[in-house]
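Same chain, two partners: chain A is paired with chain B first, then with chain C.
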Partner chain A sequence: MIATIDTLHDMEASLKSAVIDLLYRLADDAIIIGHRGSEWTGFAPILEEDIAFSSMAQDDMGHAQTFYQMLFELGEPDPDTNVFARKLDQWTCAGMVSISSQRDWAMSLVRKYFYDVAASIRLDALAEGALVPLAQLARKLRSEKKYHLMHGTMWIPRLGTGTRESHQLMQSAVDTLYPHALGMFEPTSADLLLEQAGVCPREDELRKRWQAEVENVLCGATLKVDADMSPVFGGRAGKHPKDLMALLDDMQLVYNLDPHAKW
Partner chain B sequence: MVIAIDPQLNKLSKEECERHLEVFEGRIARGDKVEPTDWMPEEYRHQLIRLIHVHANSEICGALPEGKWIPHAPSFKRKMALLAKVQDEVGHAQLLYRAAETLGASRQQMIEDLISGKSKFSNVFHYPAEIWTDVAIIAWLIDGAAIVNQTMMSDGSYGPYSRALKRICYEEAFHLKHGYEMVVTIAQGTKKQREMLQDSLDRWWPPIMMFHGPADKVSKHTTMLVQWGVKLKTNDEQRQQFLRQFVPKMLDLGLHIPDPNLRLDEKTGEWLYTEPDWDEFKRVINGGGPVSGDRVATRKLAHEEGRWVREALAAAATNQPVPMPTMTD
Partner chain C sequence: MSSQDESKGVAPRSRPRSKRLRAVWQSLETVTDPEIPVINIVEMGMINDVRLDEDHVIVDMTPTFAGCPALDFIRSEIRAAVSGFEKEVKVNVVFDPPWSTDRITEEARQKLKAFGLAPPTPASCEKGQEDMQHVPCPLCDSTHTSLESIFGPTLCRSIHYCHDCLQSFEHFKTIR
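Entry: the complex of A and B
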């Protein structure tokens, strides 16, 4: 039986550092997928999806904000400084969320679904974990994630089986994204400690759960996955696709006019 | 004043036409709402479709100037608020296209008319949002001007449009607060920030003064719309209400309003101003504004690139309906 950790201040330095590492990964993934989602506002294929993507992007940004807030409570910079003043190599988001998919609806939809399954599995695991404040937060956030998952599990089969063109576009999106999606479970030096403390299972364990769930839905949508694909890692270690630099330039544009100004 | 309606257009004899019209106008005079299944003159239906269609187009094109700044919003708070605001505007477009559908217009056709340049959208969205502070001016003053118009229209005679507008106004009130709070924050900021805000106001003021439409003496649609209870105030009355509400607040914030003739006439209580350039207004709403072409091209691109999704959706609905996932808790 693993003992629970009741407050953020009850952790030893090494565990605290591992939790900080974990929170940055959660927060960075969430803000970047939210930013990518918001790129569809005003441009989606139907008005209802414009509204859905904008709404989910707000949820993802909101989740990011709560993770950054927890980081702030652990002595890290405040949420705005973290998002608007951090340099490229300080980010630890997975490559999959960084890739630009603007104007590619199939890529955006599949990517969002892959992310949502991963986020849900993590939140479910954290909700059962030993770090009480994080478990409480995870329970709250997963109630919103449920709706994002519904969105993906409705759309993936519709477009996978809709027309020949939609099937091809969806299959191509799956082929492109799957190795990057596996990269969301890049092992890190914090894994072992987080597992031993009962905070969170190891990344390869989470990946297995993710693959089982995703492959089931893809199969129902007549979409295939090449089992031999190897993961694309790097994001967790600060090595990012070029697209992330462009995204950060966009995101930090107004902030950088005067980092001390209030807007 | 009596509005004559055309028996042939309404597929009725002259006598039937007069009888129906009397009942219809009587209901409007009593303040009843006209519902989709009620008899209405074809002229009324046509005017309402035109009006709602332009309004829906304006919401969807209005999402573009502000939407452009979502990726650049300088804090969590602004990023999420701006995203929520623009989402609302797209939601308004959806509500309005649905209201127009109740009159027999098709959404597909309305969107195609927008992207072919056949139907219009509000003059203000033919101008570009060049800097971040434009977003603050748009949310405060354009949403403010829109509330003046839409609150009045929400008491109008057509039920579905009136109810959509009530909901829209409720959300616009939040946009106004969001815009005002941004303007106040920036107005209290650095010299550079205040200069940016003033620059935004200088560029947006002329289009905002045209927002409520041509002066009453030249507006051609007003009479019929007022008679049938669609529009309850004239363009000039709306413009006066906007000026009464906003000019004192702008002056309080230290903003300079770029019109040397703007002043309150103490005797009449009306604001005097330089008459907007109605030739520019006409040119702009007919597609000759600074970014008219870009707005239509963007909507066209979104529509064309989304075609495969809509086709797949239609095919999936007929071939293999996807059941809604069940919620377990």
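Entry: the complex of A and C
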């Protein structure tokens, strides 16, 4: 039986730094996928999807904000500083969320679905985890996440089994993104400690759950996954696709014009 | 309120012990979510607790959606509404128990419907059984409706179409 940790201040230094590491990964993934989602505002192929991507982006950014707020309570910089002032190599988001989809809607849809399954699996695990404030937050966030999953599980089969063109676009997106999706579960030095403390299962275990769920939906959508694909790692260690630099330049532009401005 | 009710996520409506505390709750009832102006934040189930100590009025509020853009606005509205008690106001954002649509009072559900917004699935329905495809139309009560879009003009709404009265309508999504 693993003891629960009732407050953020009940952790010894090594576990605290593992939790900080975990929160940065959760927050960075959420804010960057949110920013990618927001790139569809005003440009999606149909109005409903314009609204859907914009709404989901708003949710994801909201989730990121709650994780950054928790980091702040743990003594890290405030949310604005973290989002707008951090340099490229300080980010820990997975490569998959950083890649520019170049306004390719199939890519964006598949990427969002891959992320949402991973996020849901993490939230489910955290909700059962030993760190009480994070478990409470995870229970709240997953009640919203279910609508994102519903969006993905509706569109993936619809387009996978739609026309020949839609099938090809979706298959091509799966082929491109799958190795990067596996990279969301890049092992980190925090894994063992988080598992032992009962906060969160290891990345490897989460990946197995993710693959079981995703491959089932892809199969139903007549989309294939090449079993030999190996993961693309790097994001958790601060090594990012060049697309992230362009995104940060864009996202941090106004803040950097006057970092001390009062809003 | 029994623990059974709390396990369903119903708002833990504390019984105000003092006249002053009751007055704070009444002040909170004047604050509305700007995106749903017809019901107040107490009816919405957004207030988890209110306490008074020597120097403070302490309000624990729980957000409907984590990314709700109105959150800061509502916090400042709360501060303004309870500013008349000659104490410093503290508004804490808490996630336990988390907000769920089961916390919206029955009266508030009727107000949502009158506003033209189909209310969320009631707590009495089995978990996970909410049927987004056949949400009852708030205008004619028909269930001959279909889901047009899971996402709508605000984070909490989805868009539906009624095949009987031929109107599109919005639904307050069930969150639990």
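In this section, the second predicted complex is superposed on the first by the 262 of 263 C-alpha atoms of A that agree within 3 Å, B and C clash if a C-alpha of one lies under 4 Å from a C-alpha of the other, contacts with A are read in each partner's own complex, and residues count from 1 in each chain.
Please note the rule applied: a residue touches a chain if its C-beta (ideal position, glycine included) is under 8 Å from a C-beta of that chain, and two chains touch if they have at least 3 such contacts.
This structure is a prediction, so every number in the text was calculated from the model and none was measured.
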{"item": "Which of chain B and chain C A:H63 touches, first, second, both or neither", "value": "second"}
{"item": "Contact breadth on chain A, by residue count: chain C or chain B", "value": "B"}
{"item": "Which of chain B and chain C A:S166 touches, first, second, both or neither", "value": "first"}
{"item": "Touching partner for A:R236 - first (chain B), second (chain C), both, neither", "value": "neither"}
{"item": "Chain B versus chain C as contact partner of A:D80, first or second or both or neither", "value": "first"}
{"item": "Chain B versus chain C as contact partner of A:R103, first or second or both or neither", "value": "first"}
{"item": "Contacts of A:R25 with chain B and chain C, given as first, second, both or neither", "value": "neither"}
{"item": "Contacts of A:S55 with chain B and chain C, given as first, second, both or neither", "value": "both"}
{"item": "Touched partner set for A:R111, first chain B, second chain C, both or neither", "value": "neither"}
{"item": "Which superposed partner A:E144 touches (first chain B, second chain C, both, neither)", "value": "second"}
{"item": "Residues on chain A lying within both footprints (that of chain B and that of chain C)", "value": "48, 51, 54-55, 58, 61-62, 65, 150, 154"}
{"item": "Touching residues on chain A, where the partner in the complex is chain C", "value": "48, 51-52, 54-56, 58-63, 65-66, 133, 136-137, 139-141, 143-144, 147, 150-151, 154"}
{"item": "Residues of chain B defined as touching chain A within the complex", "value": "60, 63-64, 67, 70-76, 78-80, 83-84, 86-87, 90-91, 93-94, 97, 132, 182, 185-186, 189-190, 192-193, 298, 301-302, 305-313, 315-316, 319-320, 322, 324-325, 327"}
{"item": "Of all residues in chain C, those that touch chain A in their complex", "value": "65-69, 95-96, 98-100, 132, 148-153, 155, 159, 173, 175-176"}
{"item": "In the complex with chain B, residue positions of chain A that touch it", "value": "35, 38-39, 41-51, 54-55, 57-58, 61-62, 65, 79-80, 83-84, 103, 105, 146, 149-150, 153-154, 157-159, 161-163, 165-166, 169, 247, 250-251, 253-255, 257-258, 261-263"}
